[in-house]
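The structure's right below; bear with me while I get my questions together.
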Amino acid sequence: MQYKKRIFIDTVAKHTFKLTGYLVLALLGGIFGMLLYNAISFFAEVRPIDFLTDREWNPTANEPIYGILPLIISTSLVSFGAMLIAIPLGIGTAAFISEYASPRLKNILKPLVEMLAAIPSVVIGFLGIVLVGPQIAEFANLPNGLNALNGSILLAIMALPTIITISEDAIHSIPKTYREASYALGASKWQTLLKVTIPAAAPGIIAAVMLGLGRAIGETMTVLMATGNASLFPSDFFDSVKTITATIAIEMGEVPYQTTHYFALFAIAIVLFFMTLIANLIGEYFINRFRKYHAA
Amino acid sequence: HTIKMKGSDTEVNLAVNLAEEFSKENSDFSIAISGGGSGLGITSLLNGQADIANSSRPLTEEEIHLFEGKNIKLKTIVFAEDATAFVVHKDNPLDEIDLKTLAKVLDGNQKTWNEITELNLPINIYGRQSSSGTYSFVRKKLGIAFSQSAKEMTGNAQILEGIKIDKSGIGYVGAGYIAANAGANQGIKVLKIKENNTSESISPLDQQAIRDNKYFFQRPLFQFVPEKSWAKVEPFINFEMASEGRKLIEASGYYVLDK
Amino acid sequence: MINNLSAKNLNVWFGEKHVLKNVDVEFPKNQVTALIGPSGCGKSTLLRSFNRMHDLSPDAKIEGTLTIDDLNLYQKDIPVTDIRKRIGMVFQKANPFPKSIQENIAYGLRINNLSYNQSYIQKALEEAFLWDEVKNDLKMPATRLSGGQQQRLCIARAVALRPEVILMDEPCSALDPVSTLKIEELIHKLKEKYTIVIVTHNMQQAQRVADKTIFMYLGEVKEEGKTYDIFNNPVNEITKNYISGHFG
Amino acid sequence: MQLKFKKLTPIVEWGTLLLTTGLVCFFLFVILYDIITKGWSVLSWEFISKLPTQGMTKGGVLSPIIGTVLLTLLTAVFSIPFGICCAIYLNEYAQNNWLTRTIRASIRNLSGVPSIIYGLFGLALFVQAMSLGTSILSAGLTLGLLSLPYIITTTEEALLRIPASTREAALAVGATKFESIKDVVLPSALPGILTGVVLTLSRAAGETAPILFTGAAFYINSASGAMNQEFMALPYHLYMLSTQHQSIEEVRPIAYGTALVLIIVVFLMNLTAFYIRYKYRKNDQ
Amino acid sequence: MINNLSAKNLNVWFGEKHVLKNVDVEFPKNQVTALIGPSGCGKSTLLRSFNRMHDLSPDAKIEGTLTIDDLNLYQKDIPVTDIRKRIGMVFQKANPFPKSIQENIAYGLRINNLSYNQSYIQKALEEAFLWDEVKNDLKMPATRLSGGQQQRLCIARAVALRPEVILMDEPCSALDPVSTLKIEELIHKLKEKYTIVIVTHNMQQAQRVADKTIFMYLGEVKEEGKTYDIFNNPVNEITKNYISGHFG
């Protein structure tokens, strides 16, 4: 009898686990389904070609215009700038931590990087307003610092921990034999790092960069607070820009449910979804390649 | 009782002050207040996410339609009067501006200051996001579309922040934002408005002129309440309209017009 | 017999561990010297002392005099990279760079600022008996070569720098018998130009390739001499036991 | 000349790396320095134990603190059981076929989906479709969803580290599969799971975008904690104080104080995670 | 000789791989039977078939008749947990639960709804010769014990359930010689009460502990018999080669 009870519990547990497993999947799948459903509703009302080619995003005009181009350009500009800053700093730091730092220094630096990762994005955005913005304004002699450059700097800070940790892992896992081979040929430590270790770790580093980029593209609060949100076509880093994430954050609250504008926000969200997904998939592809390569 | 109040950024601080005072007497009321712009408030009513919508503009035709479509009946309360102020940096030589010039500045036809005044800088517009009542109020009053290069600030305060350090900036905010704490707003200058070249220029801070309904950009501040929420919000509305509430409204830099 | 490479009174510690104890060795020019001894006796450590590979381990401590042609290898003012250029090294597990075959050879030349051209690369590959097998695939990733080819590529890579000495740490232990034989042939040829030191666990190999053999045990040199003598008339009891395969 | 240059280059090269590392540390230092120096003076018992008063220009941040704590608890309630159960299903029950692999890959990719998209989903599903309204419940559910992929991934990693022999030990003494999981596998994996959970919750506590339109409010006059009520939260409060308050300059010290409190909360949670990890490693040896 | 545990015509596949082929074996009561054979021949697979550990591998397919006292182990209506209770198992690597020593013993009793008390735990530990070493630390995490102690704890854990058979899969391979000897002594004692099957790679050990020995090769039983006979007069050529150490 006792045994039957135990077996019963076991079976119930098994099915419960299975059920939660599927439920979680359904929910997570639902996110995509919901995005897709609402986005399709949007394209029932606005031609996809207009969506992709119109040069203006102005949903509240008398003749609403839903052109995602300026938003994509803005998002790309800010993220590109962020990568310009974060890639050299990130890889340099990763190389320093893995190749040069003494074990003790490593034990200090790694937690520092994790601390940087832990800082909430709204705090970084806040500093963009009170600290980085005014500095940029003063430096570049601009009226204000709420522009793409500000966003790029802040996003670089947010992407750095990702880039550093994953690159460091990649560089660290390059077998010692590569380095020794290079040293044995008379290469210096620096030459070895630059010409052997980093190229060998390249897939891992590319993965790090792509995952960092995904993070930057999808970041909301920092850009919302620090980039000025002007929905025109940006021409350089000193222009105010309005990214996809910021557009959603600003406009979502004000739209009546189930209107074209509401659906439009889901449509740009799905574009955002795919942008980050592609970055992450490329990142994952390279991580797997790296693992496979070095497992062999 | 829980009350959700959403909408106009122009009114949000006033609403906070009122709610704070109100709950001293009525501790069983839980009031949640959010800004985000008049449009957000009205939309929230439509979406069923608010009991009171603060709005610095009347409902549009379209919105009335939407409410009718959803069979939501609204009560409209005008509880204060606001004047929209146009502000520039304190070093801007400009003191007053006429409507025609203002329109050209805001719609982007006028790109530099030196055509208006002896300031050799481009014009930098600090506007609001599209859900803002002030945004649509100014747009309607001037009959323009805002320049695409106007920044969309999410609140009045951010506009003032921007103007304070931007010698080339111009922006618009509710009077309450300037009058309530004059001390903190030293970096800015409030422009007087002339309806045309010949008429008198009037400041939005001129109480008498507002009472006489002479300022071009003055407007009532609304609160919309769906009928089904009326019972629970009535004590609060009554508090606003009573003398204590009125005092607070005026202390916050807005005006109370006698009807 | 000219002494090209030698160590006098060499002591090496890793942390607290005394790994090489008063080692005196000489590696005659244009000869192959084999280092044999049980695992952990310090063969690799000795080999790596000569091209200063221990510089990289912070806990390694080295005392004694190591010289090449009367030049002290640990002299302060000569760059370690120069030393490593003069004393090439081939490792146990073939470790080509994850680059093309051609790039593998060119790498060492380039970082040492030596001008080179295609014929130079060809010559290095020829010296390593690899040219015929790869001449049509110079742009192929080196990692696609077989294990034996990879090892010969590593030798070509070392040879390309025209070193004076080539140190080999068990270069054949990961290879099949056919590849091993090829490498041994190669060693025979190479000694015409280079001084070669080879660590090996394979007694047959030592006898096949080495002119001189040094037997090490627990960090000390127990016996050294002509290969034939060591294997046929070992003086030391331990040497005798070791070469007859009783331990190690 | 040649020699001198050679001696100099390593310093230059080393310096480059040191500079990049230094810059990264400098960023962190500036962030912490600015917030701590300017937030420290505001920080007091009053500040964390009082409701905001006088139009949020005076008083403390009690209501945002309560909101954040409640929200994090809700997040925990919604994400931990589901996340752990799902991970157990994937790791202990599901067969390793293409379906499981696809599921794993999707879950991994979902942790890269921007948080604002979770906000949208929360709005559409919880606020709207399930009629929960803008409320702490909706926001908690949204954050719970956002945290799920992280919890699943870290739990799975922790479960993977438990060797098969541990499971077999339990089965060999007659335990059912569920008993072996409950009594042996989960307790062994607990430190790893806990570390992941705490880190995930600390992330959720600092999130702003997902609560923007699911229930965060500019101001509430009480901190009742009712599930259907809107709420104030530290990150949102900081956002409001720095962009939308009437007198941004006057409340800047409060904004700094809020930022400092938020950072302290998040760092404390991270420290807890480090501590668990550290203790676990020590016990392991 | 009473046959307690036996397999008839047992075939096991993992996916496509035929791992056990027509195996017929018998393990006599109160004796120690050793399973020997080269790595991968299926010793562990055979052992694990008896306490149905393969139930967990979805790709394992089992055919044949396995019985204990004429009870079919794979009969549908008898609970697998009962079988595992009757047939205890000790693994290659000691795997105590991450709980206290006491809890390790008590766990099996508790989940099987057997009443127990402190003296019960003491008895199990005494049977495994562990009591004296741990009696003062019963609350200590079992993971802090030495490897040998952990393995004896695992035996005590199995013994506590009063099984009829104890299966041991290379129980000493991770232990030092002293601990190994202790376990062997223990096995000697245990066979008075239990039927024991032990997989071992160590020929000396098999000879020391086993009454009967079974030699397996490539999934088949090649030879079985009294331990003394197998080691001194092997019939099969392969057995002879294996026990003389020529392969495996």
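In this document, chain identifiers A, B, C, D and E correspond to the written order of the chains, with residue numbering beginning at 1 in each.
Here is the rule we go by: a residue touches a chain if its C-beta (ideal position, glycine included) is under 8 Å from a C-beta of that chain, and two chains touch if they have at least 3 such contacts.
What you are looking at is a predicted structure, and each value in this text was computed from that prediction instead of being measured.
Simply put, chain C must spin 175° to overlay its Cα atoms on chain E, rounded in steps of 5. Which two chains touch most often is answered by the contact tally, and the pair is A-D.
In this assembly, C is the chain whose CA centroid lies farthest from the centroid of chain D. The greatest centre-to-centre gap from chain E, using C-alpha centroids, is found for B.
Spacing of chain A relative to chain B, judged by their CA centroids, is 37 angstrom. Centroid to centroid, with C-alpha atoms defining each point, chain A and chain C lie 48 Å apart. In terms of their C-alpha centroids, the spacing between chain C and chain D amounts to 54 Å.
Chain B and chain C have centres, each the mean of its CA atoms, that are 83 Å apart. Among all residues of chain A, those that touch two or more other chains are 6-7, 188, 253, 257.
Contact with two or more other chains is made by residues 128, 176-177, 179, 243 of chain D. Contacts with at least two other chains are made by residues 81-82, 111 of chain E. By the definition of touch given earlier, these chain pairs are in contact: A-B, A-C, A-D, A-E, B-D, D-E. Within the complex, the chain D residues that touch chain B are 53-56, 127-128, 133-134, 216-222, 224, 226, 228-231, 240, 243-250.
Remark: chain C residues 51, 53, 56, 58, 81-82, 84-85, 88-89, 91, 93, 95-99, 107-108, 111-112, 154, 157-158, 161 touch chain A in the complex.
Chain D makes touch with chain E in their complex at residues 95, 163, 165-166, 168-177, 179, 183-184, 187-188, 283. Of all residues in chain B, only 36-37, 39-40, 43-44, 46-47, 66, 124, 129-131, 145, 148-154, 162, 165-169 touch chain A in the complex they form.
If you check the complex, the residues on chain D that touch chain A are 9-10, 13-14, 16-21, 23-25, 27-28, 30-31, 34-35, 81-83, 85-86, 88-90, 92-94, 103, 105-110, 112-121, 123-125, 128, 145, 148-149, 152, 176-179, 181-182, 202-203, 205-209, 212-213, 235-236, 238-239, 242-243, 252, 255, 259, 262-263, 266-267, 270, 274.
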